[in-house]
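Here's a structure for you.
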Amino acid sequence: MNETQRILLETANRLLGDLCTRPVGDAAEQGAWPADLWRRLEETGFTNAARSTARGGESGDIGDMYLLVKAAGAHAAPVPLAETLLAEQMLAAAGLQAADGPATIGPVLRADRMTLARRGGRLSLSGVARRVPWARHARTLVLLAEDRGTTVTVRVEQVPVEAQGWNQAREPRDTVRFDGTEISADAIGNGFDFDELYRRGALCRTAAMAGALEKVLALTLRYAGERVQFGRPIGKFQAVQQQIAVLATHVAASNAAANAAIAAHAGGDGAFQIAAAKTRVGQAAGVAAGIAHQVHGAIGFTHEHELHRSTRRLWAWRDEFGSEVEWASWVGQTVAKIGGEVLWPFLTGRSAGAAADVPGAER
Amino acid sequence: MSETTDMITDAATRLFSEQCTPRVLAEAEQGVFPSTLWSGVEDNGIASMLAAEAHGGIAASPGVALAVMRVAGRHAVPLPLAETMVGRWLLSKAGIGAATGPLALVVLRRPDGWKVEGTGTARVLRGTEPAVAWGKASGGVLVVVRDGAGIGVATVDSQRLKVDSRTNIAGEPRDGLTADGVSVRFSPVSAVSLEAVMHMVSLCRAGLICGALQRTLELSVGYACDRVQFGRPLAKFQAIQQQLAELAGAVASATAIANATANVVEGEHGDLMIAAMRARLAGAIDTGTAVSHQVHGAMGFTREYALHYYTRRLWAWRDEYDSAAEWRERLGRAFAGAPADELWSRLARIGVASGTQ
Amino acid sequence: MDTNAAFEFPAARFPASIENLRVEVRQFLSGERRSGALSRPDSVSMVVSLDFTRKLAAHGWIGMTWSREYGGHEKTALERYAVTEELLAVCAPVRAHWVADRQTAGVLLRFGTKAQKRKYLPKIAAGEWFFTPGLSEPDAGSDLASLRTRATRVDGGWRLSGTKTWNSNSHVAQFTLVLCRTEPAGEDRHQGLTRLIVDLASPGITIRPIINLAGEHDFNELTFEDVFVPDENLVGEAGKGWNQATTELAYERSGPERWMSSFRLLAELTEALGKNASAAACQQLGGVLAQLLTLRQMSMSVAAALEAGRTPNLEAAIVKDLGTCFEQELVRVARELINSEGIDIWDTARRLADVLESAQLWSICYTIRGGSKEIMRGVIARGLGLR
Amino acid sequence: MNLNNFTAVAHDDERLAPLRAEVRRFLAEERAAGAFTRATGWDHWDPEFSRKVGAKGWIGMTWPRRYGGQARSSLERFVVTEELLAAGAPVRAHWMADRQLGPLLLSVGTEQQKDTYLPRIARGEIFFCYGLSEPDSGSDLASIRTAGTKVDGGWAIIGRKVWVGYAHRAHMMNLFARTSPRSDEDRHGGVTQFIVDLKTPGITVRPIVNLAGEHDFNEIVFDDAFVPDDLVIGTVGNGWKQVTGELAHERSGPERWLNTFSLLVHLVDRVAQHPNERDLEKIGRLVSQLWTLRQMSFSIATLLEQGGTPNLEAALIKDLGTLYDQEVPAVARQIVSEEVRAGLSEEDYLGELLDRALYYSPSYTIRGGTKEIIRGVIAKGLGLR
């Protein structure tokens, strides 16, 4: 982290800490839009963090962007910050006009496909995208659609939410449906393919989970220091200490994996690192949430205590943009392709993931 | 426990605790067959206990066999006990008695491996079996093969086989045996399926496993109480206590499922209980070996201290007579796709023995 | 060292007649399912249904083992065990009478006065009166003896003040069986604790709902401000309430609820996997089933020991530890299988998704409530002679 | 407490890349020449190979040139170490002296000690073992009882050491002995470190065969063995404090997560030849963990290079790394069934590597600080103790 990033993180933590209060979180879970929180994020420019100077932003530094996503994860911010930043990445890649206000992206499930039909000069969009994050609150929806065998990026201003749903953290995950909706030609461009969107989505969730894991550890340490049983804070019991130590190892590993994936992505590739990081952090999420709840005891099982804001997000996010099962398979296929003997050079190479860089000649 | 069980388990306990000395165990790993110990096994009627009285046995119930095998497992008895017991049970079912001496057991179920060629009583054995427990050390290898609707058995003298001596991770003989057209005398066995043989040998092995697991617990608790670190016995450290509690739970669960399975192994859903038992035993072995070694520290990592006799056997046994994964798959396959509302009634009928206590 | 006895778990044998009882219960339950009385097919939470409770009572399935004198049905512990399994398998809405039937009645039968037994037990068995536990406090969870709720002697009874938490179903229960301090803690903190039956309609009681992680209202916090409790509501001897509480906890440790709470998840998962599930999926499913079948054998073995008049506390602690850890593992395996088998839970297997979510949320509290995992392992360690 | 010191390590810089390439070339040639195979393992004692590594300047490579070192950075050493370990090269002979004794002498040794030992260690000519554990002292190292009594011109040693790896092949021992009684105020005081020539009269070496049936441990009995004054390392009574400073190196190094790498290599090949979704996923999980561990380990090496003392981070890596090394054989077992094994060719080391990993796996979470001790260190770092 450089000095600018340190300041950025401090600002983000202060702002999010002030604004992501329990009432705001509760209201969001009941379906309210946290307008004040979003407005403040816009004012500080956080929602524009993915926008380059050429597109009216300030830096568009990829590292900054994921730092913010991680901070939002740590504070369980109930807003589509990651989705809005992803949407801008897609729009920029497709050369489409930037969006104002909260935005989201789709499709997010491998099975869902949107198609663009051309009849005469008219373009029309059809298809169903399920589990679209925050669709009901998004002013802009950036979609990938199939257009005569290629994938195009489509910018949609009216988001047709067919059904509202939720993830385990009660963040909106909605179904959007298009039945031949007319699309204007200047809302279409060539940008991401689905894998690229999916991978970047996975990186967003990885970063957010790393943030949430840090929060879970902090809460657990605080509780273990405060809660007294048998005349001592429970943190003094060896059985509790050993569990929290394990929790800490997973938090540390998640940070390392997320940091490395973000750095690799910022450096221009990172396909392998993102897959490995989503796998590793997904593994950590389950273990960490289990330990945190075990240490918190009954209080952690209440809605009143804030632990669940982070643990439920971990449970939800580990499944979004590919579970650790799915990404682990991808990693396995990748290394199986290169073979065992080249595994080490591959892992230590300039850009793990680019097989061309593997110095297999030195076998 | 009934009187017979008491008598035979007492005899086994006496025999094994006197004769299964560290020296005998160490020598067995060097390939020395413990003949004195074997005579004791014969003299006490252990090897024949499953056979009918007419064939020198006592037609012991599976529960009694389990109890005796637990004693054997607790002493890491370096003999083909499960194999011989099940072999003689089969020979007895075939209406033929068995000669004394240890038996190896090969249950033919796979396309590769040995083939029994021909029809009638005179048949020919051909092929290679890769890892036969005590293949060379046993006097005879009992081959069990599907035959028409039933099964048949044939005993082949191990002298007539080409032996590739090997051992498993516990240092027990697991020999590759090649039969180059060996003629054998074939006998049909009625009312026993090939699966039932696997079930019975699994149950006997389960006894060995439960006994060995119990011993890892005893050794670990004993060590934790004796070993002083930071001015206190290890046993007083909460981190150690919690791990030993987990070990105890694993041992208890293994014993519970084995006990229950012995009651129903010959019943309608015996196959599923055996599968559940084998799966659970493997889980208990994973926990049991990991925790006992962790508690023992470096001490457990030596050949001088006895723990390894048990943990290495446990590692080997969890995947012999079909791997734990195969047994898990069988159990899962029996239920996969069951309608949600029917699963309970289908599960609930498995493994419940009726009758009074 | 002799660890044999406690870890033996001899196989239980059930009288054949129990199968008939199971069939009877199943017939009743499928009727209820058809009529829609078994609500919430998408959740593993145990909910309150006064109507269902009354129907169970009419069948004689509450207070099954008590003597007829107190409204019971003089059935065996094994019969009660079988009925409990059947109810849990369908996640029946038994919350209302659960605590009274399982815990409170056991304490009253053993320590209560004749008058108390006559007054409360028939009403419990009839599915009319319910109890909420009255044990835990905000600052006394695993360390129950550190509780602060206190009762002082007054003319004709006691004045009770303090706060009790994690009280399930207090919003429908009429009573609680409070554990409180009546004498200052001396050398032995377990002395001076007393159990009182408290009528929740008494003046001075406030009930505050606690919303749980699953967003449901199951727990409540009860605050007592100078609540008068008449002498006749003292259970057993004043100052000797600790033993009663530990007995009560032992009753609740080894039952099938320790490994069947998420049975619905297993059932939905098994169905969703389908007959053509991959070999690897069958292996994982088989692993889970093997654990369940083993736990069931252990639980039945404990039930048989109870029937034979023994109190297998150590065995019960083992079952609770293994069972609750199993239920957490089940959730993990279910999630992995859904992902690796590519089951589309957002569409075709929607109910599985909901049950999974519910089981995920609930499973975390299984290793906490009724004695945490660490406390259970402490009990087992003591049984091994380590403490 | 900050668990985010694990900054990303993208790749080798221009200083490290050529070195790494050189090590790989060397290892490829050595393997081609039959010096070792994938099944050999870094825990194997091979003086000849150690001399070759010494000749390349890869023993004591961070030490000053005047003591036979190469004055290279600790990151360069990290690169060499991970390459050697990943290849399964037999480096055990020079391991202890290179990792522990050398740095210790550099920091507290006398000029004479440095002149005498460091160049010979760096050339791979003299090998050390470590005399720390005792029959009644495992995790609780301050409780050692082996005693050094002051005599004319030196010290008389009486006592017993156990779990001394390769004492039967090493020339010298770094011995920890109590030179003044243990006191409650200063539990870690009163222990002195010595250099002991194992040929000294009064020393008996008794083999201890390990679980795998191999002889690497020994029990050493000191029966009035004489050690001259000039072989005291550092300050008398300060032995324990002298050693604790190095723990971060020892706990975060690649030896904590590369024990099973050769097994993983063969496992990947096996799965590549017989691919199925589940096995690929299992491999993927392992590789993701390994990649994360290496990120952590490398970034801590960077911190160490900058002069930090990341003890908490190192403990985190040891705990995660050793658990990973235990998981590899556990997963391999699921993929390599008995049937698969029966069909393996003679040249395929998979079965042999699996057996070894399985045998050694209990030791990973015991040696170098048990899992419980390491988690205690972490808990302390988190402020719980």
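Should a chain be cited, it is by its letter among A, B, C and D, assigned in written order, with residues numbered from 1 in that chain.
In this text, a contact is a pair of C-beta atoms (placed from the backbone, for glycine too) under 8 Å apart; a residue touches a chain by one contact, two chains touch by 3 or more.
Here the structure is a predicted model, which is why all the values come from computation and not from measurement.
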Chain whose mean Cα position lies farthest from subunit A: B
A-C or A-D - the one linked by more C-beta pairs in contact: A-D
Inter-chain centre distance, subunit B versus subunit D - centres from mean C-alpha coordinates, in Å: 39
Residues of subunit A engaged with two or more neighbouring chains: 237-240, 242, 325, 329
Where subunit D touches two or more other chains at once, by residue number: 277, 281, 372, 375
Where subunit C touches two or more other chains at once, by residue number: 340, 374, 377
Residues of subunit D defined as touching subunit C within the complex: 276-278, 281
Residue ranges of subunit B touching subunit C (in the complex, touch as defined): 63, 214, 217-218, 221-222, 224-225, 235-236, 238, 240-242, 244-246, 248-249, 251-253, 255-257, 259-260, 262-263, 273, 275-280, 283, 325, 327-333, 335-341, 343-345, 347-348, 350-357
Touching residues on subunit A, where the partner in the complex is subunit B: 237-239, 242
List of subunit A residues in touch with subunit C within their complex: 109, 111, 130-131, 168, 170, 228-231, 237, 239-240, 286, 289-290, 293-294, 297-298, 300-304, 308, 311-312, 315, 319, 323, 325-326, 329
Residue ranges of subunit D in contact with subunit A within the complex: 1, 3-4, 6-12, 20-21, 24-25, 28, 82, 86-87, 261, 264-269, 271-272, 275, 277, 279-285, 287-296, 299, 313, 316, 319-320, 372, 374-376, 378-379, 381-385
